[in-house]
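A single structure is presented below for examination.
The chains carry the letters A, B, C and D, assigned in the order they are written, with residues numbered from 1 in each.
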Amino acid sequence: MRNKLPVAVLGATGRMGSEAVKAVEAAPDMELVAALGRNDPLETLVSAGARHVVDLTVPDSTEANVRFAVDHGMHAVVGTTGWDAGRLERLTALLAEHPETGVLIAPNFALGSVLATAFAAKAAPYFESVEVVELHHPDKVDAPSGTAARTAELMARSRAEAGTAPSPDATVKELPGARGADVDGIRVHSVRLRGLVAHQEVLLGGEGEQLTIRHDSYDRASFMPGVLLGLRQVAEHPGLTVGLDGYLNLNA
Amino acid sequence: MRNKLPVAVLGATGRMGSEAVKAVEAAPDMELVAALGRNDPLETLVSAGARHVVDLTVPDSTEANVRFAVDHGMHAVVGTTGWDAGRLERLTALLAEHPETGVLIAPNFALGSVLATAFAAKAAPYFESVEVVELHHPDKVDAPSGTAARTAELMARSRAEAGTAPSPDATVKELPGARGADVDGIRVHSVRLRGLVAHQEVLLGGEGEQLTIRHDSYDRASFMPGVLLGLRQVAEHPGLTVGLDGYLNLNA
Amino acid sequence: MRNKLPVAVLGATGRMGSEAVKAVEAAPDMELVAALGRNDPLETLVSAGARHVVDLTVPDSTEANVRFAVDHGMHAVVGTTGWDAGRLERLTALLAEHPETGVLIAPNFALGSVLATAFAAKAAPYFESVEVVELHHPDKVDAPSGTAARTAELMARSRAEAGTAPSPDATVKELPGARGADVDGIRVHSVRLRGLVAHQEVLLGGEGEQLTIRHDSYDRASFMPGVLLGLRQVAEHPGLTVGLDGYLNLNA
Amino acid sequence: MRNKLPVAVLGATGRMGSEAVKAVEAAPDMELVAALGRNDPLETLVSAGARHVVDLTVPDSTEANVRFAVDHGMHAVVGTTGWDAGRLERLTALLAEHPETGVLIAPNFALGSVLATAFAAKAAPYFESVEVVELHHPDKVDAPSGTAARTAELMARSRAEAGTAPSPDATVKELPGARGADVDGIRVHSVRLRGLVAHQEVLLGGEGEQLTIRHDSYDRASFMPGVLLGLRQVAEHPGLTVGLDGYLNLNA
């Protein structure tokens, strides 16, 4: 008897794709039926019997890849960037013609990071003060990190919806920059330190107490549990889902 | 025009009660209409026009207090311990006769602590390893703390429901106690340090990443935002609610 | 038999002074022989038989107090601010006439804070990257804190003396303030959060490793062990010592 | 003009040795003149003109290697284990015949770890309470880690020398193991978590304050700055030095 998920990896020779190949091969409930590189024909997916597809390619090819999969009734888990509003709209229309097929497009597959951001947004309205500290290696060119900015935006939004007042701040004498950057009214601080990879702390403070939600990312391998979780659940989520948090059981 | 909540505090001379008196007086949307000590008659609640009651008394009197409030159509927020299954059952029956009245019984009003526990339970199934470290002042007589044990139990339960495997542990040579206590299969470590109050860290680790949820409690004042939140929402939650997390918007 | 230290507290009705009165009374090896307020005559020190004096008064009176003590052969431990170069020079001259008398002037008596700063300065030359994050309550008016600025200055100095290169930083795209304030080439970040008191983290990073030195100050009581340590050792350190670290056994 | 240090690496094909080869090659003030594997003759050191030797071999060969180096007037930096009292005694006798030659034998070359342990021992007498938490990957077989046990021993020793009382602990009701292992009277807790490498927190608490010294080790690369520092300073430290802390400027 065999009922392992027949999975194909697109972009199998890239950094993320090669990790995915290893992760699928190691998963006891999956079978890797195809691993396609840049110039391999998509028809191989059909002949190999793939039912689930992981797309970890490049912005230029991801839309064609996913449309091919959906057209052939394959579910798709997508980690490639480049899905703007137009692409998402066209994909939604295509999925309407294939009502039993699911697609997950996720900018971030690290479960800890996705959970940290979701928890931060949920907790934000209940505390008088919130700030974000992100810490990365010193070769990073932007500050703050995209994840930290996104986290602050979501926290600001949930506070606004709940009618929470701005975080208090009596600073009148400041050395420029000491109080960090302002992202939608939330202070974000960027530390750059040799030896670090990617880390983030969300600090929430109220009278007499503090809640801290910290995520440490040490290795690209941290994305693979999220990719596998996506593959296992995509068939149960027909239509388009954006963001892995849609699959996490956060609302039970 | 006046539409402040008319609030009464029972147990107003106790440690928690006197904090509640101050908090209600300071809340712009509430009016303290009564503050009752041990021997004050409950009828004062009626003559004072209380519509919301906070019970911070003792196990011996809390049931009679809450039943009096419900009988008079007052909503109640209860922080007193001693509500066993029999009392809860009788209260539920009484509330069935007063379908518009709400009662919140909460063992813990610190928002950060309640959120930390809820997040830990939600996140637990998604990580290969989970452990808990709690840190308290050295005058504490029990180890681990009740909150840490409760957190570990909830994490163990959510992992069991999701079919998560036990946290891996290759230890073969252990100095007794090094790996902590075992609470439903989850390791819990208790640090005792002068200068601390009450702190807890939930550590969740997966391949290449770590999620940490930490709560620091510095002061009894940390309970008051939760008490006020309970008072503001209890009328919208008729019937009995146990646990402040039932009022937090965790499932949206 | 009696050989407790006969101690007098000056400024005994102030916030710090009243704590010192309690601490001296509770110390088994000390006897509180005098507790002077603003208008009490200094001659009381002589009649009470004080041999050690704690000065926790105000900048306007501290110099006269300490000179009186030294003139009468009493050792002095001083927590009052306002000791500029001129005052220190005059005191040094006076102490030269009293070669067996010791005076300790310390801007900070919290042992943990003094040690954290000393350790940070010692470790700073050995790491490629160093930054400071300080966290305080939101009613603080200056950012960064004086302690954080001082810590950064000392770290910068020890790195300069060792010829350590500046911390690397590839940031080219920065939201204003994200990378913190620049104190002598070291980045300092100021977090303001309700519920906090005074906290500081020194982060040092090198290839493959990180060292973190954190100090949490919860209560003014944290100054008293340092005051008592000063009182116990001041007689063994004749002359003027500035900074409690001069009494800590850091160089053994 | 050339005055780079002529360095030879012994054990150049091992895990640590190959890292050392890369580190020496990358150091602007060093020249790699020899890289010897298991069966290469030691005479190569002479013909290659080595003046400094790094020994990262195995316990069986390290003594002969170091004695050969000293006999030829080469300074040696040794990271190999197996140096018992007898070996150290014989080496000391040999060095007495070569008074200008230096040897550094260090069990740990991670600067952050060495500093963290040294700081913990220095700070331990000044706090009422001290405990250690170490955190490692779950494939580790011993608990607590050797480094944590060593740190606790050194803290216990410095507290004993200063006459510090034992850390207070009012625990009367304990789930077995909750309070950790007892190492010379100091509680040590071992966390095992997937995703982690090697981490340690020393917690020191006093009235109203806490000092935390944390070291994170992410990668074997963290040993190389310590090896290079040893090579640069060994000639200035004739005779035998055990422990890299002997070269760190901790007592200035």
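Here are some notes:
We take it that a residue touches a chain if its C-beta (ideal position, glycine included) is under 8 Å from a C-beta of that chain, and two chains touch if they have at least 3 such contacts.
Just so it is clear, the structure is predicted and the values come from calculations on it, not from any experiment.
By number of C-beta pairs in contact, B-D leads over the other of A-D and B-D.
Note: the chain lying farthest from chain D is B, by mean C-alpha position. Annotation: the B-C interface is duplicated by A-D among the options C-D, A-D or A-C, judged by over half of the residue-numbered contact pairs being identical. For the pair chain B and chain D, the distance between C-alpha centroids works out to 47 Å. The mean-CA centres of chain A and chain B are about 32 angstrom from one another, to the nearest whole unit.
Centre-to-centre separation between chain A and chain D, using Cα means, comes to 40 Å. Looking at chain C, residues 127, 195, 204, 206-210, 216, 218-219, 222 sit in touch with two or more other chains. By the touch criterion stated above, chain B contacts chain D in their complex at residues 127-129, 131, 133, 135, 138-144, 149, 167-183, 187-196, 203-210. For chain C in complex with chain B, the touching residues are 195, 197, 216, 218-219, 222. Those residues of chain C lying in contact with chain D across their complex are 110-113, 115-116, 119, 122-123, 125-127, 162, 204, 206-225, 229, 248-252.
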